[in-house]
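Consider the two complexes below, in which subunit A is the common component and subunit B and subunit C are the respective partners.
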Partner chain A sequence: MLDFIQQLVSGVALGCVYGLIALGVVLIYKTTEVVNFAQGDLMMLGGFFAYTFIGILGLNYWLGFALAVAAMALVGMLVERLLVRPILGFPQFAIVMATIGLGFFLRSIAGMIWGTDDLKIDTPFSNGVVKFGDLVLADDKLSVIVATLILCLVLYLFFNKTRLGTAMRGTSENMLAAYYMGIPVKRVVSLVWAISAMVAACAGVLLAPITFIHSNVGLALGLASFPAAVLGGFGSIPGAVVGGIIIGVLQTLAGFYMAEGWKSVFPYIILLGVLLLKPEGLFGALGRKKV
Partner chain B sequence: MDTIASTTAERPAASASPSAAPILKVSNIESYYGPIMAIRGVSLEVPRGQIVTVLGANGAGKTTILKTISGVLDPLKGTIEFEGQPIQRLDADRIVRMGLSHVPEGREVFPFLSVRENLMMGAYTRRDRRAIPGDLERIYSYFPRLKERLEQPAGQLSGGEQQMLSLSRALMNRPKLLLLDEPSLGLSPLLVKEIFGIVKRVNAEEGVSILLVEQNARMALELAHYGYVIEVGRIVMADTCERLMASKDIQEFYLGAKDESARGERRWKRKKTWR
Partner chain C sequence: MRFVFKTNYDQDIRLFQHAGQMWTYLALFAVLLVAPAVVSSYMLSQLVFVFIYALVGVSLMILVGFTGQASLGHAAFLAIGAYTAAFMQAHGYTFATYFLLAGVLTGIVGLLVGFPALRLHGIYLLIATISFSFIIEELLARWESVTNGNEGMRVKTLELFGMEIGRNSDYFYYLCLGVLTVTIIVTLNIMRSPTGRAFIAVRDSETAARSMGVDIAATKVRAFGLSAAITGFAGALFAHKMTFLSPEMFTLQLSIEFIMVIIIGGSLGLHGAILGAIFIIMIDPLLTLLKDDVPLLIGSLAQAFGAGSERVKALEDGTQALTSTAGLKGVIYGLIIMLFILFEPFGLYGRWLKIKLFFQMFPLYKKSTFKRQKVYVKSERNR
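And then the complex of A and B:
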């Protein structure tokens, strides 16, 4: 039973990371209809930025975290401006290839700059544990879960209570109408990329104490977040997070209770299952109301 | 009846004062969809404080003119002056900010935003945020039905309510010039009357200048001061609405000839006389 709860918490933590990546994918897809296959690599880059600020420059963890997130906002806007905006309107295939190419590019750049060794940063959550009687839970995993909750709340308030957030929802629902309202659509799209990259960066920094920081860390996690997005209805932000958590939990339990190898294919089994049985996802009908 | 070619250099006769500069002056614009030229050298003016209408058959290019003015489409040639400033190269959001609002064909509400949020999006560029509650109240006085549905997603409104919302949303920008694209489309005669009544009040009480595109030529000519007729991307007539209504061509082709079968034939011949 204790094993099970521990695995469950690990699964939820992993699922939160999937969910945060999927959330960024969904956000970008809803506003621009671009499926960003490089979202996991943006997360990876966020981790390296944090390593640079905290591990190399020796800044305080929270300051380094904030700087990494800010830097990733810039990267997100740059990607939108230099790569996505010029090819908008091309066939979907070309755009997909471009974002896959971006992933390769980011991975090799990261490898060139930071090398291919596994890197680590000291965080307030490294190695700490919380004990509930016999149950021992790792701080790093709990921190992912708590941070995801906070991030979701902040995003919810931003999208529903602020003028800019509402304009982002409006732009994703009807871009032409957004132009008619005088909403600066290009800037809004650029900000959507910034927000997505910032969320990815948060995931990257939170993940740092759990896995190592490595240029390939975003590849598998990024890919596995697509089943999460699909499970959530590929259009719903709460759906993306819930989908991520479901997949993270099932995958972790499969890894613990089933034979070796099941763990890595599990997200894709779920993906196929969802596509075959319920292609609109768990939140499909309801999800379109949310960003 | 004036018959004009592709330019309308002379000032509309009904202009309030002949010396006042028009709020909108469109000169010789050409717009394309890819390789297809949709409007060819269109010129028109909207005098300050007046209602000007553009009539024309389906596909004539009316919507294209409005899109070109509001900056959603860029003209390849020609100039557009709004309050004396050239706007033909500006982004749409800059133009809205200057006080030119476009109520598009087919309403284009944000379907999953609430009615209130839709209205607030209309006020997106407003600097004087304090005045917004008062403007909302005025909108509710125009369309009490919207007030009852404030928290409902706009996509759940009826077509007529969506048209009210689309118009109200544009008014939340406190525009000086309003572009209206077929506000009567798909509405019951009663609702058309209601909407046109509000348009008239907006013009008379708030002094908003209006450029109105309509299929419902009778309503449009009764409401507007001045009218243009467009065919296949070109302006073929321009005159005051009284004189347009008296014109034989207009009566026959826009105010409804009864004999549909004969109409097509005669129409083809008559069209030639306009050129």
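And then the complex of A and C:
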């Protein structure tokens, strides 16, 4: 039983990371219908920025965290301006391939700049544990869970209570109509990319003590976040996080209780199952047009 | 400017629109026939890879370019073809048998993937094919009795008509050339038959295709099966070319390379698949060449602009360090994908068509002939 709870908590922590990446994917998809395959690599880049600020420049953890997030916001806006805006409106496959190309590019550039060794940063959560009786939970995993909850709350308040958030929701409903209503659609889309990159950066920094910072870390996590997004209904923000947690927990349990090899494919088996049986996902509002 | 005046439909679907075209292709074929006598053995080996990639490119062109279905799982199809061939060869079957069976079996798997794909559109299909490819990759690593797992599998030398054909021999080159030529001719014929026209109709508008009586489900499944079968044939050749198979050869990276073939080549026609394959394969020798020559070139340029010898040396070393970094290939791949999609969405073949049209129409060429329409209101969510 104790083992089970341990696995459950680390599963939820892993799931929160999936959820945060899926959240970024869903945010961008909702507003621009662009599916960003480079989201995991943006997360990786966030981790490297944090390493630069904290590990190399020796700044305070929280200051370094904030700077990494701010830097990633700029990167997100830059990507939107240079790569996404010119091809918006082209067939979706072309846009997806462009983001895959971006992922390639970021991964190799990060490998060239920071090398291919495993890097690590010291965080306040690095080696601490919290004990509940016999149950021992690592601080770094708990920090991911708590931070995900806080981020979700902040994003919820932002989207539902602020003017800008409302503008973003309007843009995601119908870009053209939003434009006619006087919403600066280009700026809104740019900000959505910034927010999404910031969420990715948070995931990257939080993940740093759990896995090492490495240029290839984004690919696997980024791809595994797609099952999360699909399970949650691709287009639903709470769905992304819930889907991420479900995938993370099931994957961790599969790794613990089932034969070797199941762990890495489990998210994809779930994904295929969801696509075949319930393509609209758990929280999906997928409208179906009758032809 | 040549103007082909068409008076009936048969004339419109002819393989060669005019005699000049036929002679051009025959000349190209003749050049390819004498190539082994002329080019170095390294280039010959690269050409074989070009043929194999072009086969996969043709199969992707059918699925992605003509039918409009996305796939990032073709590395898995290639793996199925390659492992089938290797397994059957190890059990004593002849080349003709296992070559055909590799294609047929992969085609059947393709059909099976095609059925669930009927319910999926665009991005969902893409993610589903990626998942399929991951599952196959894991299966190859775990199904040790057949695939020998992560240790990999040796492929014996190809035997045909009682003759051993080595992976670098001229005969293997001719074999690949023959398979590619036959595949291209078959594909061209399919594309001018009702099946092929249904593919294109499904790509352009499913609604319109259905209202014209095209069975969308059957068409999509057929496209998947056909595409997978061609990739399976390519897989059998790939197995003999590599002589060693292991699961980590068939990763997502390879699928992305295959898609790059048609992005770089352009999805307007089969020419794109060939041009893209040439580009992807020849980029490696080109990079090696750059690695050696660019530092010296930069050095001599700096010298020409009057830099001191220490400065020149520093520049040369700097460029040397940059070009020999391990990640350079990834950076270049990423840049190529992004730049092609941004600036030349029709690929190399599209560029060739533009240049040709420019000269044919000379003073009257309009850029907008090839302008792509941007659609902002069509929502993938509501289809």
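Things worth noting here:
By our rule, the second predicted complex is superposed on the first by the 284 of 291 C-alpha atoms of A that agree within 3 Å, B and C clash if a C-alpha of one lies under 4 Å from a C-alpha of the other, contacts with A are read in each partner's own complex, and residues count from 1 in each chain.
Here is the rule we go by: a residue touches a chain if its C-beta (ideal position, glycine included) is under 8 Å from a C-beta of that chain, and two chains touch if they have at least 3 such contacts.
Here the structure is a predicted model, which means the values were calculated and not measured.
Overlay on subunit A: subunit B and subunit C fit together in the combined arrangement.
By the touch criterion defined above, A:272 lies against subunit C but remains apart from subunit B after alignment on the C-alpha atoms of chain A. For subunit A, the partner with contacts to more residues, out of subunit B and subunit C, is C. Using the contact criterion defined above for the overlaid structures, shared-chain residue A:89 touches subunit C, although it does not reach subunit B.
Within the superposed three-chain model, A:26 lies out of touch with both subunit B and subunit C [touch as defined at top]. Applying the stated contact rule after C-alpha superposition, one finds that A:169 touches subunit B and leaves subunit C untouched.
When the two structures are aligned on the shared chain, A:228 is found in touch with neither subunit B nor subunit C. Residue contacts after overlaying the shared chain place A:144 against neither subunit B nor subunit C.
In the superposition on chain A, A:181 makes contact with subunit B only, while subunit C stays out of contact range. After superposing the two complexes on chain A, the shortest C-alpha to C-alpha distance between subunit B and subunit C comes to 7 Å. Under the contact criterion defined above, the residues of subunit A that touch both subunit B in one complex and subunit C in the other are 174, 176, 289. Against subunit A, the residues of subunit C that register as touching in their complex are 64, 70, 116, 119-120, 122-124, 126-128, 130-132, 134-135, 138, 141-142, 206-207, 210, 252, 256, 259, 263, 325-331, 333-338, 341-342, 345, 372, 374-377, 379-383.
Interface of subunit B with subunit A (complex): residues 70-72, 91-93, 95-97, 101-104, 108-113, 117-118, 120-122, 124-125, 153, 169-170, 173. Every residue of subunit A that touches subunit B in the complex is listed here, in rising order: 163, 166-167, 169-170, 173-174, 176-186, 288-289. Across the interface of their complex, subunit C is touched by residues 33, 35, 83, 86-90, 92-98, 100-109, 111-112, 116, 174-176, 215, 223, 226-227, 230, 234-235, 261, 264-265, 268-269, 271-272, 275-276, 279, 286-287, 289, 291 of subunit A.
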